[in-house]
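What follows is a set of notes on a single structure, which appears directly below.
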Amino acid sequence: MIIVMKAGAAKKERDEVLKRIKELGYKPHVIHGTTRDVIGAIGDERGKLVLQSIESMHGVESVLPILQPYKLASKEIKKNPSIIHVTDTVAIGGKEIIVMAGPCSVESEQQIIESAIAVKQAGAQMLRGGAFKPRTSPYSFQGMEVEGLKLLCKAREMTGLPFVTEVVNPETVDLVADYADILQIGARNAQNFALLKKVGQLKKPVLLKRGMSMSIQEFLMSAEYIMSEGNQAVILCERGIRTFETATRNTLDLSAIPVLREKTHLPVIADPSHGTGNHHYVAAMSFAAVAAGADGLMIEVHPDPEHATSDGPQSLKPAKFLQLMEKLKIFAEAAGRTV
Amino acid sequence: MIIVMKAGAAKKERDEVLKRIKELGYKPHVIHGTTRDVIGAIGDERGKLVLQSIESMHGVESVLPILQPYKLASKEIKKNPSIIHVTDTVAIGGKEIIVMAGPCSVESEQQIIESAIAVKQAGAQMLRGGAFKPRTSPYSFQGMEVEGLKLLCKAREMTGLPFVTEVVNPETVDLVADYADILQIGARNAQNFALLKKVGQLKKPVLLKRGMSMSIQEFLMSAEYIMSEGNQAVILCERGIRTFETATRNTLDLSAIPVLREKTHLPVIADPSHGTGNHHYVAAMSFAAVAAGADGLMIEVHPDPEHATSDGPQSLKPAKFLQLMEKLKIFAEAAGRTV
Amino acid sequence: MIIVMKAGAAKKERDEVLKRIKELGYKPHVIHGTTRDVIGAIGDERGKLVLQSIESMHGVESVLPILQPYKLASKEIKKNPSIIHVTDTVAIGGKEIIVMAGPCSVESEQQIIESAIAVKQAGAQMLRGGAFKPRTSPYSFQGMEVEGLKLLCKAREMTGLPFVTEVVNPETVDLVADYADILQIGARNAQNFALLKKVGQLKKPVLLKRGMSMSIQEFLMSAEYIMSEGNQAVILCERGIRTFETATRNTLDLSAIPVLREKTHLPVIADPSHGTGNHHYVAAMSFAAVAAGADGLMIEVHPDPEHATSDGPQSLKPAKFLQLMEKLKIFAEAAGRTV
Amino acid sequence: MIIVMKAGAAKKERDEVLKRIKELGYKPHVIHGTTRDVIGAIGDERGKLVLQSIESMHGVESVLPILQPYKLASKEIKKNPSIIHVTDTVAIGGKEIIVMAGPCSVESEQQIIESAIAVKQAGAQMLRGGAFKPRTSPYSFQGMEVEGLKLLCKAREMTGLPFVTEVVNPETVDLVADYADILQIGARNAQNFALLKKVGQLKKPVLLKRGMSMSIQEFLMSAEYIMSEGNQAVILCERGIRTFETATRNTLDLSAIPVLREKTHLPVIADPSHGTGNHHYVAAMSFAAVAAGADGLMIEVHPDPEHATSDGPQSLKPAKFLQLMEKLKIFAEAAGRTV
C-alpha cells in the first residue's frame, strides 16, 4: 500500500504513520519527494484492510492500495482457465460455448416442458427457469417455489437438459441444491454475504450474477466469498449494470469479459436478456458476447411472451431463438469455439 | 397504463392489444392520433405488472405505467407523516431530529462503552454499532456477532441510549430483534427480499438503507415489502448512491429527502458518514441534510479511528462530533426543529 | 403527449389544462380513470417542447412524451440504411466494414507516415489522427494544429488513405474541412451546438462521437442538429459512456449499436480504444462491435506507444493491429460483411 | 507518480521503466516488495502527463498519479478563499450569500423586467437570464440572442441588478462580454476548451457550471483552463450530475461543496433548479446548499412558468421565491452568513 503524505506534513506526523504501519505488520519505506513524502508499506495487503484506517491520521492525504484484494479467484493462484463440470457432458469454460435458455419463471408444467423441448431442439445445452423469484414488488408473482423445482426436474428428465435456477435465501439453499444442477445467485443478492457463504459450502456449481452497480473488483470479491468457503466451482455472469441510459433496461458491459479474462481463471458468461431488457437486442448482443470471449450465454425463451408472468418484453419466442442459435454457431466458429 | 402503438400498426394488431387488455381485467380506451394510436388501460395497475408483457405484442412501441407501484408507503393511503416510536422518549418523524451515533463495528467493551458515553454527552439520542457486518471482503473483520449485541446492551444500560444494529441474514433476525431497538437493513441487502419479508413480520422498527443503485421508486418498493408483511414502522435512510464521482465514497443524494417527503409518509434520515466516506465532509453534509428536511442522522463516531477495524476514514472523533452537534442545534432551529 | 392528472385533481384544474393544450395547437382527449384522469394531447409534439411546461400547472402529476423528438435522423423519414460516401472507394454503412486507424495525435512527420503505412498494410481503409486536441489539462500537448493537418495530407498522398480528424472550434471548421475527408466531433463537444450547426453547413461527412453521459436519444438529437442545417452525411460513433466502473476508462455500450440500428438510418461505428482505454481489451471489443452490427471501427495505432504524447495506454502497436485485422476478417465474414 | 510492476516482472522490464522515467525528467526510486516492485517517480507530475504512457510498457501493472493535476485553482497556490468582485456592491465568496435569480430564457421585455423587479424585491442580488440558449433539440427556442442581451441591460438599468448570462460560442464571447456582468459557461460546454480559453482572456468573472458527468477533478481542470489564460475570476457552480435516478432531472451533488472547499480557493455556488428539475424541490435544496457551505445560489424564477419557452417545470413563481428567500435568511444566519 502507498501512503501519500500531505505537502508540508510535519515530521512528527510522518513518524506516527511509520509507527502505525509497523504495528500493522508492514515494513515502511519512505520516498522523499520534492513537495511531499510518499511511504510504501510492504507486505501482503489482503486480510489487513485495516490499513485503510491510516487515512484518518494527521498529515495523510490518501492511501492507495496496490494489490487486488482477492486471491483464490485471481490468476496469481491459478494461471489456466477453470473448467466447471456440470454433468458428464456439460462443462463451462472449455471450448464449447454453453447456452442456458428457458423462461424467466416456471409458470406451469406445460410451459416449462414446452420451453425445454424448444430450447433443446434449437441447440441449448442447459435449461434455465426461476422457481424462487426476487421481484421488486411484493405484489408481483413470487415464483412457484418447490413446485417449480419439481417441474424443472420433470423437464430435465424429458429432455436430458441440466438446469440452473436461482436461490434467494440461505434457508432454502440446501433444498434448491437437492434439485438443481447449478445454483444461481441473482444480481440483487450479489453482495448478500450470508447467502454467498452458504452456497460456498456446497459441492455444486454456482452461477454468480454481477450486481447492478458492482465494480469488477467487487464482483471478484463476491466470488472469493464463495471460494473461501471451499466451493471453487463459480461461474461469473455479466448481466448489465445500471447507468443513466434508459433505452435499454441495463447496460450490458461486455468489456467486463476481456477484463475478467485477464484477472481471473473463472469462466464468464453473459445474459443479454436481462442486459438489454428487450428481445429485439438479444441476438446482436449474444453474438457480441461470444465475439468478446464469453464462455456461455443465458437467454430467456418463452413459448408465449405476451402471457408471461415476468420479463415478457425480453423473452424470445422459440422460432426467434432457433434463428439466433443458427447464427451463433457461425460466430462461435469465428471465435474458435463450438456451441 | 398507456400503450403507445407503432406508427402504421395494423388494425388487427391494435385489436389484439385491446383483447389482451380486457383479458387482464382493464378497460381499454383508444385515442386516435395523427400518426399512431394510443391506448389507455383503465384500472388499478398494481398487482398486475403482467401488463408490461404487452410490450412484446406486434405493433406495440412502448408501455408507460402511470401509477406508482407502491400503496402502503404512499401518501395516497396516509397523508400525515408517520412517527415511529422507538422508546418512550425517542420517536422518529416528529419535531425532534434524532441523531444515531457510534462506531461502524462493535470492537470491544471499552470501545463501545466509551463511544456510547461520548455520543450521549454530545447530545445523540441513539447509539449505532454493527455486530453482524456485511464486508466486501471475506478476509475483513466480520463483526463480533452475538457478543457484540451483548456489549451494545451493556452500553444501553449504562447510558440509557437505545441502539440500532444491522441484520444480514433471515436466520438471525429473531436473535437480533431480541436485543436491538431498531433493526437496520443495509444498502447491500436493500433488495434481499427474503430478509425484508422476515423483518416485516416483527413488531420492531426497521431502518431501511437505500441500495447503492436503487431508484427512489425501488426504495419505496422495498419499504412496501416490509409493510405488506404487517410492519408499518419503517424508517428510510439515504446513504449515498453510486455514481462516476470518486472524490467521495458515494454520492449522498440529498434531493431524495424532498422527493421522499412528497411521495411517502415514512420518516427519512441521512447517513453522511457512508454517504461521503470522509470525516472531513460529515459535518457539512449533516447540516445540509437537516436543512433539506431530514428527520434524523446516522453518524459514525469512534474514539480511535486510526485503529478502527472498519470505516476509520469516515469516523469522527468524539471532540469533532461534539462540535458538529453544537452547530447542528442551530441548523435544526433554522429548520423549525429541535435536536 | 400524455398528461397524467393527480388523483383528486379538481375539475377546474383539468379544464385549465385542456384550455392550455388547445392554445398550444393540440387536440385534447380525456380518459376518465378510476382514481384520476389522463389526457392525451394529439398532434405532432416535435418543435413544441413547450408542452412540457404543462407540468407546472396545478393538478398535474406528470407529462409523458410519446414521440421521439428527432425527425431527419429517424427511420420514419428514411427506412433504408444511409451509406455515406467518403471517397470513390470508401463508403460507410454498406457491406464493407470500414476501419479507421492511426495515432491519437499527429506528433511528427515520421510518426504519422509510419502509422499510415502500417495501418494500410494491415488492411485499414482510413487513417485517423488528431491535429487539434481537446485535452482535459491546459498543460497537456494541444496538438500540432495546421501543421498536423498538412502532415495528415502528406500521409494521405503517400498511402491513398483518406483521413478523419477532429474539429474543436467553430472558427476552424472551414480550415479543417479544407484538408480532412471526414470531420470528427469529439465526445466533449457532442452537445456543443454552435459547432454542430457549423459542420451542418458543410458538404463533408461528419463523424459524431457520443458524449460521455449522453443518452441515445440525445445522441440522435445532436445528429439532428447537423442534419437540420442541411448536412445528411452523419456517422455515429459509440465510444464508451461514463459509469461507476473504473477497470475500464469508459464503459463501451455496444447495445447502443442494435438500439441505433432500430431507431435511425445513419451508420454506426465503434471506438474500442477510447471505449476501454486499454490496448489489452481493444481486439476483443472490436470483434464484439462487429458481431453487434457495427459498420466500422476507429482504432488507435501508434508505432511507439511508450513515447506517445497522448493515450499511449490504449494504443496498439502495428504488429498487434495486424493480428487484430486478420481475426476481424473472420468475424466480419460471420456477420455477413467484408473488411 | 507510482509505477506498480507486475508480480514476476523481469529485471530487464524494470530497468526499461527506470530508464524511461529518467528520460522524462523524473528521479526513480524502487521499493522491492514481497511479490513485486513498486517504483516512485519523483518530480512535479503536472505538465508531464506523458508519464501515463509508461502503462504501455512490458511488466507494468498500473501507474498511479499522486499530485492533483491543477495548480492555479489549488489551495497549494492560494490558501485563502478568493472573493470575486462583480460590481462595487456585489462580491461572491465573502460573508454574503449571493442569489442570482430570473428566468431560464429572456422571452420578452415585459417578462424579463417583471422577473427582475420580482427577484429584486425578494432580495436577490443578481439577475439571471439566457439570451443564447444551448438546447438539446434544434427545433426548440434558441434564445433571443443580442436582442435578449439588450433587454437584460434594460432590466439592469431599471433595478440596478447586475446579470449573468450564458455564452455558447467563442465567436460571440466578446459580444456577450460587452453586456454581461458575469459570463456563464453551461454544463454542456464545460469541456469546450476553445470556449474556456476564450473567456480566460477576458477581464470579467466567469461562472463555470459542472458538466453532467464531470468529476470534481475535471471540473477544477476546466477552471484551470480559464485561469491559465489569465482570468482568475472563476466561480464554480454545482448544478447536478447525471446518475441512474430519474425522480429528479439530475442529482444535485451537494457534497461537491465541502470537497471543493477543501481543494480550491475559488467560490462555489449551487443551482438547485437545474439540479432537481422540479420547482417543488428547489427550496429544500437551496437551504441544504447554504448549510453545506455554498457561497451563492442560482435559481430560476418566472412570472408565468406554464407559458415559459424553456424549463417551466423547474421555475418558481415570484410568490414562492419570496417565501424561499425569507427562509433562506434564517439558514444563512445559521451558517454564519448573510444574504
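Order of writing sets the labels: A, B, C and D. Residues in every chain begin at 1.
As a convention for this text, contacts are C-beta pairs under 8 Å (C-beta built on N, C-alpha and C of every residue); 3 or more make two chains touch, one makes a residue touch a chain.
None of these values were measured; they are calculated from a predicted model.
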Study note, to complete from the structure: Joint neighbours (chain A and chain B) are C, D
Point to revise | Result of counting contacting C-beta pairs for B-C and A-C, higher pair | key: A-C
Revision key, fill the gap. Relative to chain A, largest Cα-centroid distance belongs to chain D
Revision key, fill the gap. Chain A to chain C, mean C-alpha position gap in Å, rounds to 30
Review point. Hey, how far is the Cα centre of chain C from the one of chain D, in Å?
Key: 26
Exercise for review: Calculate how many whole Å lie between the centre of chain B and the centre of chain C, each centre taken as the average of the chain's C-alpha atoms.
Suggested key: 38
Review point. Going by the touch rule set out above, which residues of chain C reach two or more other chains?
Key: 213, 242-244, 246
Check your understanding: Of all residues in chain C, which touch chain D in the complex?
Key -> 20, 46-47, 49-50, 52-57, 69-70, 134-141, 168-171, 188-189, 191-195, 197, 212-213, 218, 221, 224-225, 228-229, 242, 279, 305-310, 312-313, 315
Practice item. Report the residues of chain C in contact with chain A in the complex, numbered from low to high. Key: 213, 215-217, 241, 243-248, 251-259, 261-262, 275-276, 280-281, 284-285, 287-293, 330-331, 333-335
Point to revise | In the complex with chain B, residue positions of chain C that touch it | key: 2, 4, 7, 29, 31-36, 38, 40, 42-44, 64, 66-67, 76, 242-244, 246
